[in-house]
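Heads up, the next two complexes both have chain A, just with different partners, chain B and then chain C.
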Partner chain A sequence: MAADPIHQFQINNLFPLGTVGGQEIAFTNSALFMGISVVGIVLLMITATAGRSLVPGRAQSLAELSYEFVADMIKSTAGTEGMRFFPFVFTIFMFVLFLNVLGMLPLAGFAVTSHIIVTAALALLVFFTVIIYGLAHNGLRFFKLFVPSGIPIYILPLIVFIEIMSFLSRPISHSVRLFANVLAGHITLKVFAGFVVMLGAFGVGGWLGAILPLGMTVALTALELLVAFLQAYVFAILTCIYLNDAIHPGH
Partner chain B sequence: MAETNSHTEVPGGHGPKTFPPFDKQTFGSQLVWLVIAFVALYVLMSKIALPRVGSILQARRDRIAGDLAEAQRHKDESEAAMAAYEKALADARGRAQAIAAETRDKLMGEAETNRKALEAKLNTQLAEAEKTIAGTKASAMNNVRGVAADATGAIVERLIGSLPSEQAVTQAVERALKG
Partner chain C sequence: MARGLRLSAELVGGVIVGAGLGLGFDYLVGSSPWGFIVFLLFGFAGGVLTVMRSAGVIPPRNV
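This part shows the complex of A and B:
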């Protein structure tokens, strides 16, 4: 069981809740980690800031840092008008970040973002937010997004087609990027850690041989922590860039 | 990946074994909990956390700006006080110089007056003295003339044996005195 690199992605029903339209709804390990993420973010952003200290402590500093990090991200990509989506982008960033990092917990960790359904749901949420807000805010001018200005008329149909295709493929690339990174990282980690256990079973010679995969596992753990942050950042900044299209259509 | 399936125990009752991220049986539960977690988080962040952190940051910015303004005010005040002090100092110095110059001029004027009065007095005395000297000299000259005439008369009488006329002697003495 320990050597199976796929087993870690198994959804386990902790207790069932019922069936809706043939789908079994249960409280799962995935739901547990979503809950832990929400509690962790609330501890950081609400409990740690309860003192409203003028001179912040460590936890409050971290909360302020997160706030300003996301605020700067939005302002630099979508301008100050983008700040109306600040709670939205902040929630996405913190949620994905906590899910990614909690997935790195040894032994009991479960990476919620290694499931395409979760990342796809978040990406589609962004996608439809862009479309709905873009149409509501700009009306038909929103479609200027697909018609870049300054393009000769004879290649315009081709450009419009490419623009529409790239717009429609956004939720796919947006969700698969996060999903695949987390999935591949966890599989690689598990495979190298599995080598350590396998080689260790061969006695002293095996222990020496296990040093290499052990070193790799340590290095990969550091890399995966970086990826956990980086992919949350990438997911959030892409959200900002897509929202910018809804706020300022037309290139 | 095929060999990994060989030693998997039956997962939580999901029928045939599929790659867990693509197992549609779990999608419903995941979506339900994702919506619950995300909505709860969004509400908590947008209603409580972010306004609070934003107000903390704003309060700190205001406080810093206020403190800086206060510091600037104090700096301006001290600079104004410094300027006032220097102006007072310059005024005092100017006044002192004016008083000194005035005093000097007054004293110099007085000295000049005194000097002129003294000079005039001295000149008068000098003139008087010169007049006295001239008087004395003239009377002395008359005495000399008398003595010279007497002596001349006596000398001529001794030489030629007869007393010359008084007029000739006087004329000769006058000539000699002039020469």
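This part shows the complex of A and C:
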């Protein structure tokens, strides 16, 4: 079994939902995992906090910990004013975290965030939230974002243009970062696991040799779990940093 | 690896946006390939700016 490392990212239609403009819309395994993650988050947050005990149990302290974590993240990057975006950032963080961790499930796992369309949709959501809220909240002062203070007037047009380019490239780097990390990690994991099977086909000598890639696979699995959390954190903190620009442009 | 991927994504993102805007500009104005060249270079500059900001070489936006 020479496993194809890309095969795991295959989108499968589970059942059709209908057609929109001649294009078939189907419920896919990707949508299934997004649904599972949403249900998981809702169950965790609602059932864990239903007891409302003063001394939290295991599940309740998990829910409180995630609240504290995201709230601290927002306060440290976007200030207390940023807390009005708490539901938004918390949803994005928990959604990406659950998708990443669900992708690490052995056998059945499907890494939804390894598809750039998913991460790009999330990044564009953040991008347009920043633009629309920034314009609604600050009016034309929002455009001070592109005009750094203390720049001589004769190079200002050049700087403003570069700043605009830098601003426009945000959703790309925001989405590519999450997608590339998850994709690369899952492919690496699959390739090393494939080495174990291939070497195992050579008999006893191969079994001894297969210990090496097997060890790598175990280590990489741990690393990927770290990356799953870390990338969700990075995605959320970048969201906070971008939202901060919408709340306090210029300075 | 995470840091390297992050910084390279920012640099490549800037270049892609520059190239896309340049091609679009050329398509609208018909100045091919000059818009592509100029916007690509500006996109590269924007990407370098983002990379330097997130690497902490220059201070972030709000100073």
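To be clear about the criterion, the second predicted complex is superposed on the first by the 248 of 251 C-alpha atoms of A that agree within 3 Å, B and C clash if a C-alpha of one lies under 4 Å from a C-alpha of the other, contacts with A are read in each partner's own complex, and residues count from 1 in each chain.
Here is the rule we use: a contact is a pair of C-beta atoms (placed from the backbone, for glycine too) under 8 Å apart; a residue touches a chain by one contact, two chains touch by 3 or more.
Source: prediction; values computed, not measured.
Undergrad: Please work out whether A:I116 is in contact with chain B alone, chain C alone, both, or neither, and reply first, second, both or neither.
TA: Touch partner of A:I116: chain B, not chain C.
Undergrad: Can A:S76 be said to touch chain B (first), chain C (second), both, or neither?
TA: So A:S76 meets neither chain B nor chain C here.
Undergrad: Kindly classify A:N181 by the partners it touches after superposition: chain B alone (first), chain C alone (second), both, or neither?
TA: second
Undergrad: Of chain B and chain C, which one contacts the greater number of residues in chain A?
TA: B
Undergrad: Just to be sure I read the superposition right, which of the two partners does A:S61 touch: chain B = first, chain C = second, or both, or neither?
TA: Touch status of A:S61: no partner.
Undergrad: Touching A:S173 in the superposition: chain B (first), chain C (second), both, neither?
TA: In the superposed model, A:S173 contacts chain C only, not chain B.
Undergrad: Pick out the shared contact residues on chain A: the ones touching chain B in one complex and chain C in the other.
TA: The overlap between the chain B and chain C interfaces on chain A is empty, containing no residue.
Undergrad: Tell me, which parts of chain A touch chain C in their complex?
TA: 145, 148-149, 161-166, 168-170, 172-173, 176-177, 180-181, 184, 227, 230-231, 234, 244-245, 248, 251
Undergrad: Taking the touch rule as given, give the residues of chain A at its contact with chain B in the complex, in rising order.
TA: Chain A residues touching chain B: 1, 3-7, 9-13, 20, 23-28, 30-31, 34-35, 37-38, 41-42, 45-46, 49, 52-54, 56, 60, 63-64, 67-68, 86-88, 90-91, 94-95, 112, 114-118, 121-122, 125, 179, 183.
Undergrad: Please give the residue numbers of chain C that touch chain A in the complex, ascending.
TA: Within the complex, chain C contacts chain A at residues 1-2, 5-6, 9-10, 12-14, 16-18, 21, 42-43, 45-47, 49-50, 53, 61-63.
Undergrad: State the interface residues of chain B toward chain A in the complex, per the touch definition above.
TA: Residues in contact with chain A: 1, 4, 7-9, 11-13, 19-23, 25-34, 36-38, 40-42, 44-46, 48-50, 52-57, 59-60, 63.
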